[in-house]
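Heads up: the structure comes next, in structure tokens.
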Amino acid sequence: MSEEPFVRFRTMILGEIGAALAETDPRSVEELTDRILGAKKVFCVGVGRVLLSLQAFTKRLAHLGVDAHFVGEITEPAITKEDLLIAGSGSGESLFPLSIVRKAKSLGAAVAHIGSNPRSAMAEYTDVMVRVPVRTKLALEDEIRSGQPMTSLFEQSLLILGDIIACVIIEKKGLDLHTLWQFHANLE
Amino acid sequence: MSEEPFVRFRTMILGEIGAALAETDPRSVEELTDRILGAKKVFCVGVGRVLLSLQAFTKRLAHLGVDAHFVGEITEPAITKEDLLIAGSGSGESLFPLSIVRKAKSLGAAVAHIGSNPRSAMAEYTDVMVRVPVRTKLALEDEIRSGQPMTSLFEQSLLILGDIIACVIIEKKGLDLHTLWQFHANLE
Amino acid sequence: MSEEPFVRFRTMILGEIGAALAETDPRSVEELTDRILGAKKVFCVGVGRVLLSLQAFTKRLAHLGVDAHFVGEITEPAITKEDLLIAGSGSGESLFPLSIVRKAKSLGAAVAHIGSNPRSAMAEYTDVMVRVPVRTKLALEDEIRSGQPMTSLFEQSLLILGDIIACVIIEKKGLDLHTLWQFHANLE
Amino acid sequence: MSEEPFVRFRTMILGEIGAALAETDPRSVEELTDRILGAKKVFCVGVGRVLLSLQAFTKRLAHLGVDAHFVGEITEPAITKEDLLIAGSGSGESLFPLSIVRKAKSLGAAVAHIGSNPRSAMAEYTDVMVRVPVRTKLALEDEIRSGQPMTSLFEQSLLILGDIIACVIIEKKGLDLHTLWQFHANLE
């Protein structure tokens, strides 16, 4: 009886993530993966819990030998034409990621957008969009497709999408899971 | 055909998370939730991607009216006997979380451990353990229960476990999803 | 002989900071201090090394009993009409602080600007400006008043300005230096 | 009249920093600088406001072409025998920096300690110590050489020491102040 809320919400959340990622076009993910592997450096930008999911992605990419960074990190390098910026923003309208996307585009970098709104202000600067069609802040007044607070579903889907891409990269590069630790921080 | 790796790893990862959380005792989660709601302040401690999942949890708890912090934050307050420390560590042996757990216990705070190893050095300081029985760093030599790199499965399960607890708290407190934004940062 | 560069640059840097803070109007600092003590919550915003100086200030304010935050922190609360935003920006034109200043003003919060350019885009939103008249990014083409790279002098002056304000608050509140540790994080 | 506290504390703080850095052995700073330039990667470790000063140093080193990191950063790489760890700790006894120093030494890296206590637990692992002889937490019971709260003087001296070293490196490498911006983050 006391198990009820945990089991109920576990089922709900895993079901929502499964549905969101089932509606994500595998070809868009494939294209994003190729752009990551083709870029000299990869930068991620987002805010709040979306940034946390992107930081987890950045960290794993670094373990896989990708020169990965997030916008705002202490030792953030300069972006160039050979680099890729990945913006995580459900609505595609968040002020900070949008201004960074504009700046990156003006500097000649490629831009990927992971979000749910394909007609956002970000669209005109975007080379590849991975659409995870979940509820965003902007959609609060119309249909709500998640029983979770705020944009939790987007943040969860983003973390797992990043970890799927990590698995694809490991397979593509033929990396050995047991030797990956050599790139991992060893002072913790 | 090009869809294959994305679909395959999506299925694998969601299956692993589902299995890990299916083996997590709902009563331990219920007890952790009660301790969170009963504490004056809640502190989270972890390292690397585990810390990122805990920071996402900390952020959501704050939106729900819990006075939540993580160890290492700029304005981290002092912990007292009325507070709860939540340590996230699969192995329960990580140097930094373990030393913080010892310190918190010596200061009279309650300690919760979310991890997979129930017989770790952390056990003797722990008031409640939520066991998510997934592969940890320590278990690398014996059986490997995840096809993912490093401790990805633990980090994913931790994020979702935190979001399940958030849903339980919203239900318990009778909070309205539409009014939650009032506690959210409004300068982003 | 080998002492030479260290001694020379030490003299240069301390001289520059002394000169910058000697040109800072004490009444503007007094007014900022009063606004900090009169606000319900204080938020700081900046980027790069300027943010680091502001984070040090935020941390110290918290030790002195001020409810202090920085924009972007994990558990950042909502800003209200009763709060104060302090923007650190030499030029007063940095994109991110400027957009946050506009947002804060539209939400009714008071705004303080610590910077060197009194005729920046930030000026129209600013209730009090503390002018530390040092070289900024924008002034690179005209006179250069510092022998240091980039905006080091502004970042140093900002840290020390914050610590001067901390001393003023301690004196105003009659706080005892020996008891301050009680508000300090005790898990480190 | 209203100028009084600002002017008084400005004089006090700048005087304290000047005195602390006047007692710092230039040869120890010279040796630290040489080790930074000779290392393949440089890592910094510290906690609280000391960490903030070290992060400012890390950021500036990166601008000067040094492969610099801090312990705990999202994309922290592995440390090797060719690298240098710089620990900032007044007392030399802080739990976290001390455990990292031990770990780095066991992995064959060189260790530098910037602090005030030359007979700390850190001494036996240290290849070069830069002594900034200011009040530390440990010395609270005996003489207090600063009128400032907690370890402010150490944190200020550390920031300025780092910026002196930056100037020395710029001179040694013959870098042009006007071209340094090319290594600086350009998305802010």
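Chains: A, B, C and D, in written order; residue numbering restarts at 1 for each.
The rule is short, and it goes like this: a contact is a pair of C-beta atoms (placed from the backbone, for glycine too) under 8 Å apart; a residue touches a chain by one contact, two chains touch by 3 or more.
None of these values were measured; they are calculated from a predicted model.
Undergrad: Quick one: superpose chain B on chain C by CA and send over the rotation angle as a multiple of 5°.
TA: 180
Undergrad: Quick one: compare the interface residues of chain A with those of chain D and tell me same or different, with half as the dividing line.
TA: same
Undergrad: Quick one: report the Å distance separating chain A from chain D, using the average Cα coordinate of each chain.
TA: 35
Undergrad: Please work out the Cα centroid separation of chain B and chain D, and write it as a whole number of Å.
TA: For chain B versus chain D, the centre distance works out to 33 Å.
Undergrad: Can you tell me which residues of chain D touch two or more of the remaining chains?
TA: 47, 55, 59, 72, 95-96, 184-185, 188
Undergrad: Considering the complex alone, what residue numbers of chain D touch chain C?
TA: Listed in rising order, the residues are 2-7, 9-10, 12-14, 17-18, 21-22, 26-27, 29-30, 47-49, 52-53, 55-56, 59-60, 63-64, 94-96, 140, 144, 147-150, 152, 155-156, 159-160, 163-164, 166-168, 170-172, 177-178, 180-181, 184-185, 188.
Undergrad: Looking at the complex, which residues from chain B come into contact with chain D?
TA: Touch list, chain B to chain D: 47, 72, 95-96, 99.
Undergrad: Under the definition above, what is the set of chain D residues touching chain A in their complex?
TA: 43, 45, 55, 58-59, 62, 68-79, 85, 100, 103-104, 107, 182-188
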